[in-house]
Each structure stands twice: as structure tokens, then as C-alpha cells.
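In the two complexes that follow, chain A is the common piece, with chain B as its partner first and chain C second.
Moving on to the complex of A and B:
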């Protein structure tokens, strides 16, 4: 997938910051999203007809621009303006925008572009303009197979986001999760994968056995998850491209809570035996298994720091679930959560400075973040039940799942994916075909 | 004056009704719990006459109650009599905990039951342990009584 995608040439990229007249402040949330105009990508008649045959969409130019618009809008940092107010035709705007027209509708930034059908391929060029400074600030062109058209929209979104915020985007990514159906007492669960915006949903297992907690390998198209195949709960490894799967290690009991190391070469997980759960790693190349913790308590939900030197995990060695960190060899175990309540599911931010967690206090569940020394705890959202945060690859957004309370007849249960900005703003329902839980966010597919 | 009296009486009766109905409701919701351990038998199945299949736990606990130990002793006696039968102990948790921790907690609960069966002479070869965490509740409710039914270890015939 990655290789099929070629960035043909960069027309030009201005030296960063020199012309950074418009800037989006990402530290304060979405109080003042930047108004911007996404002009539909221009397309000639012949290209339009060719693409119509291949991807069955009336106008691929407007389809791609609405992907961009939707991405930027859901980030909470941008406010894409209504197209009805646009005065300039797409093909002319792409050549030379009439900046007065765009500033009249209060657009501070403008995205224009053009789509063409060349040698059976899709060629997209786009430009980002600073309306107030009346300047082009970025221009790029991509060529790819037509079926990749949605990804072109995501890559454009990432480039715009990066240029305007100074941080990498997270739109050309996927989410793996557990799709749920049926009554609460007999939930049918399947692994499913979709684009970050909910498109291209695909079920990866049939639902014959219970599956839980899928997690992406940060460096490849591999996934690790828990399956109850033959009623033996074990950690599995799945190659999404080929569909091949295998059990991880040869443990005489339940293995669970798997995650990859940041280099993708190891799986870290818990192994439960005789009422105690400890943390183990398995090297995927030489299959060597290492025991990392050895304690009569429950040690679970391990998560590596991005440099691979530390592990955050969950233990009840103090009597209740709390968050601990240790060196990756298991030495120097330190408790870091000391607030009121119990703490679980620590997940190290891709930037390395924060740990996201689930907290239970006085009957409410919270998703929060704390620094790696446990200080600076910040609760982002409170609800009846929610857990299992997973970071966007740029460390700005958390995705998690939330379950509703049932009524006195046990009805009304649902499980949904939600996302929230690190600032605690922009809480959003992530729409899925079925009920959903245990989301895991992939790395950027293209870089 | 008279009207006042009637009103007062009506109010009294009304208040008494309220108190009574409050008691009645309370009784239903906690009637089958002691502390927060479930004591009812409505969700229980029987392995044999008088041999209940499950034991219940307090929130976050894996300690066996007096009633649980009694149930397990009956199971051990039944297993000694039926030496060809092997069992799986399925450990469960309620929905008020994180998924991964609950998987471990279910395993620990099932092991607490296993250890007790072993002290009554059942060989560990005949007992396997399986945790479902919070994945298979018997009661779909979101209330303390439902949660208490779901915190359990169930002994299931394996053959």
C-alpha cells in the first residue's frame, strides 16, 4: 500500500516559518477555529468521466475536497466555510485566487487544486494560500492509482495541518477496533479496521470466537490481539495484508493485554497463572521470551515509552489498581499515580512526555493524562463508563470507548468510540457501522 | 378547621405510604446481597442435586465467603464421587473495571475456587481455569445487584 504511493514532485515549499503569517495555536483547544475555504478541486470534463467509470463518483474533485474539509473540521482547529459563499470558480481560483473575494467571506486560508487523469493514474495538485498576505504558502502534486483517491484527501489534510500548526497531521491513518453486536450477555465481537474518518470499514474476523484489545504495530501492517480461539485466551499476531495469524509464544495459560514495542520487534503482554499476572516480552525474530515482572499481584496493561527504555503498567500491588513505571528490563519499579481513585490502562504518548490513563473515582470513569513522573494530572472527560485511550500518532488526540448504563430491565446498552483533543476540547463520537470498543490508532501510513 | 384536619390526616397517610413504598423498593434491590456479595440462587445452576455451580465475590475481591466455601465443599464431594468428571472454573468480573485488569481478576477468582477444591482432595489435573473478565455477564443490568451476580466463578463440567 505504502509503495504504491509516489509523491511525484514538490513544486515548491517555502522555507518554514519565514512566511508563517497564519498560525494555528493548538495548545488552547478549539475556541477560535481558523476560518478557511476549501475550494473544490478543479477537474476537466474528460478526467471527470474517466474517474466516474473507475470510482463511481460523479465528481472526484469535490469528493477529495470534502474529505479534506471533513478532516480539518473534525480536528476542531479549523472552520471550513460554506461553499455556497465562494465567489471564484475552482479552476480560476487554483491559477490565481482573487484574494479580496476570499477575505470578504472571512477566509484566512484557502485550499485550491486540480485533478487530472493521466496514464490511467490519478494526478492531484493542490495549493495552500494565505489570504491576508495574498501569498501561496504551499504547493504539492501527487500521482497514484485512482483507487487511492481517499488517501490523497487525507495526505492533503495532513500537509495543510502540518503547515498551519507546525505539527504532523494524523489523517492518513487507520483505526483497528472490536466491532460488537448482540445482547450484552452474549456479545458477538469481531476485529474490524477502518480509515480514521470511518471509511473503508472491513471486518477481519468472523465472530466465531471472542476477540479483544487489538493493537497496531507502529512500523508495519501487523496487529496483535487477544482471541478466545478454542476457548483458550491467547495473544495472537495478525498480518492485515495477508490475513495470516499465529499464536504468540507457548504459554501454559492465558496471555493478554498485548502491545508492540516502539520498534515493532517485540510484543509485551501479561501472562496469568495461579491467580497472579506478570508481564513478559517476546522477541518476534528469535522468539525469545523474557519475564519482566515477578510479583504476586496483578501486573497488566504494559505500554512502552517511545524510546523503548521504560514501561508503564498497571498493578494492584498496593492493594488497588495503580500506575507504575519501570525500566524496560523490569528494574526500578516506581508508582506514579497517587490521586484519589483507582488507575488503569496507562498508554505512553508518542511524544514521550505524557501518559494517558483510565481512572475510576466515586463511581465515575475518567480519561486523563499525567506527566511521566505522575505529576500534572489532567482529567479530560467524565462518564458512566469509558476506558482504553489510544493516541493519534502526533500525540494530539485520544480515541477511547464508552459504554452506556442499561435501564432496570438491562436494556439500552451501547458501546461507541469517542475522540477528544488533548486540551479536553472537541469531544466527538466516532461513527462506526456497529457498536465498537478497544480502538487502536495506527501510525501515519505515508510519511 | 375541619378541612385542615382532613388535610393533615391525608398528608399523614400519604407520608406513611411513601415510607412503606421506600422500604419495599429498598428490600428488592438489596434483598439478595450481604455486603456486596450476592446471596441469591436465581442465577445458579446445579451440577447435581444440592451442588450449586457458582460462588460470588465482593467488589475487587477474590476472597471466598463462608457460603462460597460451603458450595465448593459440596462440589469437591461431588467430584470425589464422580472421579471421571473434570471441570473448568470460569472466572468473571463485573463491568465496573478496565477490561484487561478484569481478565486478570477473573483468573484470580477462578484460582481461588481451584485452590479450595484442591484442599479438599481434588487433583489439579482435573481442574482447568478460564477467565472471561467482564465479557460474559449473566445479568445485563447496570446496578449493584446485577454486578454482584456477575462477580463469580462458575464450575462447568469439561467432559
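Moving on to the complex of A and C:
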């Protein structure tokens, strides 16, 4: 009995840790772009000739892979490797990649694929490989009309982006903006639309009237914008597919800063009268107008939260223009910006966690983000003049416009679209045919 | 009765005496007086310019004369030119300084004598060169020998490296003594640092979610990974947890990219199975 007790005692006091698994906590990593290889999509000779006739491109496989490569590169999260370093031919790589060859050039992921011409249609299959794990992690195929080849590239980019980052992509999207031409005092402004990478640019209005602040409907291909009618700014609705447009409501004063509700059923905007402006909503089905704010100050730039329960707007009710949030019925108004300077154009992120804004401080304009309680303000970019941020559908990138200073002769003025991601490091010029302002990012087209 | 008292007191006295004699702390040790270090105090002006002591100057001149002779006899001509110009300039400058500042700080006579005797014995010009530098302690500003500075720096580096090495050895040993079951702090740090560099964190992860991936590794003695196992594997296929799969895959890639892992050279039994807890939240929250 005594012996048993001793043994039991020894077992209890003997350090059990000897048998425990050693644990090491890894709480840091690198945020460098992921090196990946985008192999040109393989194509047989017959398909190549057919596509050459239809879309006038020498090798559609290479063209599609270039779109994918460009998209992933501009995201700032991936580092597509130089094709000259590839050791395996596209046809063979698509069947069975030699992972040793790809890991030799430091690729961690590999995209391969094949393009074929079947029944007058374009069929694209692609595969995503984890080079280090030596396995396929995604394989998809799309069939569409040949003229849609650019969209196929964007959809592949979105799928790869989502698989490797864990969030949805933003490449199969469009941007609507105001195309500007002519001298600063006599600007011709037209509504224009293009793919997010600047391709397929189209002008939607003729430029006879001034247009401003176009905004996409989050659920369909409708746009609301502001245009002058009899020298009064009015909010309009435009169906991009049919080209039809209409005035939203018949207000006796000015209406401006329109934006859709997250379900696309309402428009929220400002209505100015007698030196003050308030926020109103209009139901697009029954055209019923609701007043949301009623304050003797200037309340404008309303933006819904993604769940539709809150509205962010800017107001000068505290003396300076600041950002406020309130419930969607106008109650519980709460100021959230308290930094130095003037805050404006708040836009709620599609993820719901951040609010983007324009800030003017000491003569400089900033594009920044803050949390919805106003904390964690981060200024992403600073310039002479820039404003109107608009979120990518995944809430990772902002597009905005930036104007340059004119010289003493009034020359040198330009307005360009720029994008910046939430890190603040990946700032890029978005190529447009003409000068551009007031961009608005659509939701994913392939949803 | 009296007898017993006497015996008792005698024995007590005896005991006290024995104790007093044998206890070591009672024995007084002679004081170990450290040698006296003599320090000279000088006034520090805005620009400190210490002149030569007259005696020291004479000695230097003598040494240089001797050196010139020796150099002309033994050393290659290039070096002669170099030393000549240097010494001439320095002497001239020192003379000027001497004129300006009459309060010369004398060199202790003993030192001078020692140096003098040393110099007399010396024959080798190279060694003499060193002696001159030792004597001309005051003319360091004039003798700017870049090679020598470089040597000193290198030496300092070597010494500090040796010291660091020694310290590391000590701490590692201490660590091992303290904890012989897990990895020591330095071993853990080495492993962490290696994996930090290999882990590309997917930036699109929702940072308000649980972003902990636990991976169990089976290792070879050289640190290569023979088996990996995601401990919360079931979570990978749960709806709404697609981000977890992305995160787990990135962690696996990091392990594969990093191998062979920087594991300790000893104690294989301790770490042949290892659990890595990848947590991206700290990084993503920024």
C-alpha cells in the first residue's frame, strides 16, 4: 500500500511537461506580394486561327493570361513572375506541372489553362496550383461568346484572388466617371463608363449639360447622377443597358449628392432650400419622399451602411464640417470625426468596418479611412486637391480623383483617377481616355 | 556538587576556547590594498590642445633621429619618406603649440626613463616605430594612421564578437539548465525568425475572426518536415470559414518553404514533434 502511494506521488509530481508537445507561436509574417507564375493559356492551332479572325488577336491565350497577370499585379498582393524564367511549356504545364521547375523560380502558386474554340464559342479552362504543396487547388471552365474574352480574364483573376486571399476579388467590375475635356473654365463633362482596368471605355451622355457625381446601384446596372436642368441641379436615374434616363422627384429647390441604398430600392440625397440643406430618401417604386434630417445646418453627402441600418453624412452643425452617423430613420445622430481640419464625402465600406472620407487640413487634401465609431483614423494619401473616394466591391481599394494645380497662365490643369489600397502603399493612376473625375465603382458583374 | 560545577565550568570554558580558536571569521586577514593609481588632472578648455612636455619633446626628437638612421639603413625607401614627412610636420606643429601655450604638462620622469631605456635596446625599425607612437602619446592628433585605426576597429569587433559568443554560450547553457523539456528561448526565437520570413499572410482575411491555425509537425533531426497535420482540420470545410482554409494553406506553405527548419542540434527527442500556432490577427489588425 505504501509503495503504491509513493508511486502515485512520484507520478503526480513528475513533470508532465516532458511528454507535452512543444508549441511555438507564430504571430508575425511578411506582407510581401505572393510570388506566382501565370503561364500563358495553351491554345491549339485551329482555335488560334478562328479567334484571330473574330477578335483580331494573334494569341488569345496569351492575351487572357496578360489580363490576369496585370490584374493580380495591380492589386499589390501578388508578384507575377517574369515569363522568360518559365521552364515548362504552357501545354505541358496545364496537364501536369513539374513543381520542382516552378519552385526553382520561387513561384508559390501557378496558374495554367487552355483555350479552345467550340461551337462558335470561347471555352476557357484554368487551374490554380499550390506549387509548394504540389497540388491543384482550383479548376474551373467558362464558355462564352468570343467577344467576352476580357471578362473571362477578369473572372479568372477574381477566382484566383479569392482563393489565395480569402476575400472576394474586384476585377470583373466597371467604373463610371465624369469624362472632362477642354479648358478649366469651359469644361465639357460627359458621363463615361469603363472596365476597372481602363478598357472598353464608353461615353454615356453627349456633354450638352453638366453632369456630376454618378453613383452605381449596388444591385443592378443603374446609375444615379446629378445634372443641370434649367440651371438647377437635379438628380437623375440612368439605365446603362437601355440608355433611358429620368429625373428623380420634382423638388422645388436643388437636389444633389445622390446615392443608392444597399438594396437599390431607394435613393438618398440632399435637398437644399432657404440656405439650409437636409437629407431625404426617395423610394424608387412608389416615389414616396422621406425627410431624414431636420436641422438648420448644411447636411449633405449621405451614405448608407451595407446593412442599411445607418447613414453616414457630413454636417456643419458643430461649426465646422464634420462626419456624423445616424440611424436610417434619422435618430441617434452622433459625431464621429474629431480631428483637425474639415471632413467630407463619407462613404461606408462594403465590408461595413470602415468609412472613407476626404479631409482638408492646412491647405492640403487627404483621402483617409476611419472606423465607424470614428476611431483609428488613417490618412492614406495627401495631395494638392483630391476627393470623392469610392470603394471597390470588396472594400480593399479606393478610387478617387486628383486635380493638378494650374500655372499662372491658367494652364497645366488636369484631373485624373487614382486608386489606393488600404495599406496606403499601393497607389496607382487609373488610365482614362480623357481627364476624369467623380469615379464610382460598380459591384461585381459576375455575382 | 561543587565538583560538578567546576567540571561543568571548565568544560564550558574549554568549549568556548576551542570555538574561538577554530572559527575562521575570527581570524583577521591582512587587508588587500589595491595599488595606487596616479591620476593627473588637467583643465579642459573648449579646444583642448595639450603641448609636449619639454623632456618628452627632446626624447621624441632623439628617437626620431635614431629612427631616421635606422630606416635609412634597413627599411625600404617608400616607408622612409612617409615617416619623415609625418614626423617633420608634427614637430613643427608641436613647436608652434609650445610657443602659444607656456603651461606645459610635464610627463612623469619615471615613464620617460623607462621608455628611454627601451629605445636604447631596440634595433628593429618596425618595433621602434611602435615605440615612437607610444612615446608620442600627446601627438596622437598629428599621427593619424588610418591603417592603425582600422586595425583597432577590427580588433574591437573581434573582441565584442567573442564576448557575444561567450555570453550566448552562457545563456544557452543556463537556459538548458532552467528548462530541459521545451525549446530554450534562443532556440524558439531562431525558429520563429525563420518562419516569420517564410509566411506570406493573406491580406484579405477578416481580422475580427479567430485566425489561429495549429499545425503539428513531425521532424527529422536535420529539421526537414516529414509530416504536417492541421489540428482543426474540420474547420476548413465549414461554411463561412473559407478564410480559414486560405490561412491554413498559407501556414503550410510557410512550413514547406522554410524547411529544413532551424531546430536545435541536440535533444531530438524533445522536438521531433512540434506544434506551430500561426496567428495572423496581430499583423492584420496592424
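Basically, the second predicted complex is superposed on the first by the 414 of 447 C-alpha atoms of A that agree within 3 Å, B and C clash if a C-alpha of one lies under 4 Å from a C-alpha of the other, contacts with A are read in each partner's own complex, and residues count from 1 in each chain.
The criterion applied here is as follows: a residue touches a chain if its C-beta (ideal position, glycine included) is under 8 Å from a C-beta of that chain, and two chains touch if they have at least 3 such contacts.
Please read these numbers as outputs of a predicted model, since none were measured by experiment.
Participant: Give one of first, second, both or neither to describe whether A:212 is in contact with chain B, with chain C, with both, or with none.
Facilitator: Touch status of A:212: first partner only.
Participant: For A:108 in the superposed arrangement: first (chain B), second (chain C), both or neither?
Facilitator: second
Participant: So, does A:132 touch the first partner chain B, the second partner chain C, both, or neither?
Facilitator: second
Participant: Between chain B and chain C, whom does A:167 touch in the aligned arrangement: first, second, both, or neither?
Facilitator: Second partner only, chain C.
Participant: In the overlay, answer first, second, both or neither for which of chain B and chain C A:84 touches.
Facilitator: Neither partner.
Participant: Looking at the overlay, what does A:405 touch: chain B (first), chain C (second), both, or neither?
Facilitator: first
Participant: Please tell me which partner, chain B or chain C, touches more residues of chain A.
Facilitator: After superposition, B is the partner touching more of chain A.
Participant: Share the list of chain A residues that count as touching for chain B in one structure and for chain C in the other.
Facilitator: Of chain A, no residue contacts chain B in one complex and chain C in the other.
Participant: Quick one: which bits of chain A touch chain B in the complex? Just the residue numbers, please.
Facilitator: 183-187, 210, 212-213, 226, 231, 233, 253-254, 256-257, 270, 272, 274-277, 298, 300-301, 314, 316, 320-321, 344-345, 358, 360, 363, 384-385, 387-388, 403, 405-406, 408-411, 413, 438
Participant: Considering only the defined contacts, which chain C positions touch chain A in the complex?
Facilitator: 181-183, 188, 191-192, 195-206, 208, 216, 242-243, 246-247, 249-254, 256-257, 270-271, 273-280, 282-283
Participant: Residue numbers of chain B touching chain A in their complex, please.
Facilitator: 60, 62, 95-101, 103-105, 107-108, 111-112, 115, 129-132, 135-143, 146
Participant: Show which residues of chain A lie in contact with chain C when the two form their complex.
Facilitator: Residues 15, 17-18, 20-32, 34, 77, 108, 130, 132-133, 137, 161, 163-167, 353, 394, 396, 423.
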